[in-house]
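One chain, chain A, links the two complexes that follow: it is found with chain B in the first and with chain C in the second.
Coming up: the complex of A and B.
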């Protein structure tokens, strides 16, 4: 048999499978879509509840508490700049997308990571899968999702969710596996139950690694959310995509600046939160 | 004759009290084919080297038997790789034995189920680690209360107990500090307080003072011995330092390549090493506080024949367990070159300066050809 015949047959199978899933799994994807959009709408509603200056001041205060005064001032100023560029609604929309996708990715990724930390076989099974997810170009995930869930934020969220999950799984699993053996021994010698060992020994020692995973997930989500502008995610990604198509360089640069500001604010916030956790442990 | 007397005395004291921990012919074999190796050992009595050759398995502990009595501090001395850390972990079943039985308070610990084992570890056997293993994100008090927390003791009560334990080790002013604010010696005291707070009958000490500097180490050794004795605890103490074992232990077991080479009091080991290996270890140890009158004295008749002019009853008197340092003191105060050893009002022997020199040097007494 010619090699081309084999690959053609494979491609046909993939297409068939996708349409079969699309036909038969409609209820499932409608449900997923409802959950994703529901969460997204809720978070977006919350973010748009207050005028931009209130949000800017609140974020500034948070950065001041978690990092320092300079970071607080810069955060507030950066968010005000987003509003002044006329991109406040888009910025909040992007923030809501990132938050939704990251929260869901963590909610699924951290428990999987914990189980993988205990189970060598699950970890060995996940390792190549996560490698695959992380090496494929991220917009690959847009195609099947758009086929199954259509144009709109739900597709963007699903693709972002897939991209944001691997670091959470990896770093949680690593953190659980890296518990220093003397403390395991201490727990055993003190007569701990497995649950006590998990909550009092393994989890506290894994926390810095888990927090690093949260930060990494967030950064992956930011990268993806911009790409997801192509499938109608709304927010800054779509603004950039639109600007690229019409060669509107000024708007694309404004949107890019807004993305950089939001990304840096959230990166620094989570990084410092992780560092504070670490300082508590060591 | 003296030799037999010495042994009989030291065992007689410990045999009267209850046995808390007992190992009977315990083996621990590590390796992929450990089960087959264990079978070969129990059926054909293979040696350590044969096990390594035939099964590619490492013997951690080989046919170890020991008894730890209530109130006793039992030291296990050996160099790294001698199996002492494996042996101590067998005692609370952190490591499962390949062969043999281990009983704690008369119960075979291999037969305990998971809950019973947890209960035994939480209540009967405490453990102190070389690396201390204080939880870095908890205060000194919370660390000391750790064992009680695991047991589910309410917070107020466990903090009170932990505070009392910290008080015993002299750290009552440091309760709200974090472990990294404390020096190495203080951290190890917290480790000891954590073990004491749970009020176990037996404390397993896994080279607790090895990483400390010599001065702090000595101080902690003395404090540990005094504290253990005053609280009536029993301890199994692992060390690679014979001097530490002698300072702390009521009895000492010497381990080499997984085998217990000799068990005895410090004096037994120093004066009567079981083999060349032990003898080499003992060579550098100062004997003046270890060797007792009973070991160095000569029979009254021998003394009478070689010193016909001296009346034995006119000599200064010492008890059989007076050490060489005390005997030297007495000899210096006396105008004679000999001290009489008195037991139950009867003179049982005489220690001459010559005997003292032999005792210090550790050489057997060769009586002069001509007096």
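Coming up: the complex of A and C.
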């Protein structure tokens, strides 16, 4: 069969190429892994610094400030429920993974989005690329990352970073471009420097859109982090992966409930934060 | 305050419930299983029984009819890639899984969406449920499906249907709300029966938005079907999972690229259908 000779040749090539990259680019991937794992460990250390009830109360207070009293009480109760199900450590490491990947994705995505908001040609170049990233099933981003960085949280973080970046770029560039032209003219008329124009007019108008991007990035990151349990990311994703494979129904229900709680808390918090920002602008 | 003393586990209360369901509703679940296996087997048969070039030619023909020869080339290239990657069978299994789950999602979402566009109460009742369903990560859907239907293709399909319903439902409701009021009044004025208004006025004018919903439903279903490789759904997802867990990167990469090819094919086909329609003029008034 000729197809098999093709695929075999392809597989050997891939293995050769990967081992070549592994030999020659090891320092690069080690550096990336060190940065990713360093940030992750730092955030995880912060989250585990306080006992669970302190974190739950703090999150509850945050939800109370950002949304309302009911949401604050529900947030605190939900997080306490995670702890009572014996999943506190897993919940915190999931949160740390999401936070790390989202922060890195925003740190890269928002500047790119701002540049793309000003430069039409960069935007036209990025558009099909972002389309492609968002069309593909997120699961497959684990393949190249596991091949280059091996088993562990760094792989999960790299794949999550890829998935979480597109919404941040898109909505930032959209926000920059949507500045009402009346205000730009106002700025020009009052003799603003271009830096003042950017910080005082464009950025405040873009902020609601950027916040929507933060919310979407966060949600994409959350979905991916849970999937990344298969590459040994740790956290709730790995708990579920293990429980599903062994058909341990009780544990998988508990972990699923914990995931739903954390997702809802993060989503509502960022959505309402975005809404507050929008209300502040108008 | 120590969490160990307050330990509670909703899972250990729900697990006997699941066992009870499995024990008492076994005939019901096995009927669903048999129905899905039957439909899936039939579609897989249609895709796998004829030699590959027949399938490729038919796909190219459909693409050409929907949106011209460029799309036909895309179809030929993407299926050709699946073939050359040595993953023809797996690709066809994935296509069959996506087809069945999209068809069933649409069957559920389309009537519900129409009803939600007519009755405001239903819409307000559905909205928070859809919000939660679209926020929760896809992984979570696989868990109840696996608990009831065990491992294999059926839980994959069930989870995919549940995952594919919200976008389709939302866009169906939106599509039917956007039907221009003057067209509806025209229908009432000429005394058309509700059935004729639905078929001749509402559906044609809602079609562009419906196709957007279909496109989203297809792509989300593909993502879920691939993910379901983890629970033994077979197809390309299973190959990716094998590549990931056994570190066979060549296989994983081929399967990943084949998924890319299938995703591009499905995306372009459903978008091509949309563009073909908007060129022809989707508003019935312009015909």
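Criterion: the second predicted complex is superposed on the first by the 261 of 282 C-alpha atoms of A that agree within 3 Å, B and C clash if a C-alpha of one lies under 4 Å from a C-alpha of the other, contacts with A are read in each partner's own complex, and residues count from 1 in each chain.
Just so it is clear, a contact is a pair of C-beta atoms (placed from the backbone, for glycine too) under 8 Å apart; a residue touches a chain by one contact, two chains touch by 3 or more.
The structure displayed is predicted, hence computed values, not measured ones.
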item: Partners on chain A (chain B, chain C) - clash or fit; value: fit
item: Contacts of A:142 with chain B and chain C, given as first, second, both or neither; value: second
item: A:254 touches, of chain B and chain C: first, second, both or neither?; value: second
item: Which of chain B and chain C A:240 touches, first, second, both or neither; value: second
item: Three-chain overlay, vertex chain A: chain B-chain C angle, C-alpha, nearest 10 degrees; value: 100
item: Which of chain B and chain C A:276 touches, first, second, both or neither; value: neither
item: First (chain B), second (chain C), both or neither touched by A:199; value: neither
item: Touching partner for A:120 - first (chain B), second (chain C), both, neither; value: neither
item: Partner chain in contact with A:70 - chain B first, chain C second, else both or neither; value: neither
item: Partner contacting more residues of chain A (chain B vs chain C); value: C
item: Least Cα gap, in Å, left between chain B and chain C after the two complexes are fitted on chain A; value: 28
item: Residues of chain A at both interfaces, chain B in one complex, chain C in the other; value: none
item: Sites on chain A touched by chain B in the complex; value: 180, 182-183, 185-193, 196, 200-201, 204, 280-282
item: Residues on chain A engaged by chain C in the complex (per definition of touch); value: 3-4, 6-7, 10-15, 18, 51-53, 83-86, 88, 135-140, 142-144, 146-147, 219, 222-223, 226-227, 229-231, 237, 240-241, 244, 247, 249-254, 256-257, 259-260, 263-264, 267
item: Touching residues on chain B, where the partner in the complex is chain A; value: 92, 94, 117-123, 125-127, 129, 131, 133, 135-137, 146-147, 149-151, 180, 198, 204
item: Parts of chain C lying in touch with chain A, wherever the complex brings them together; value: 1, 3-4, 6-12, 14-15, 18, 83-86, 132, 135-140, 142-143, 146-147, 150, 219, 222-223, 226-227, 229-231, 237, 240-241, 243-245, 247-254, 256, 259-260, 263-264, 267
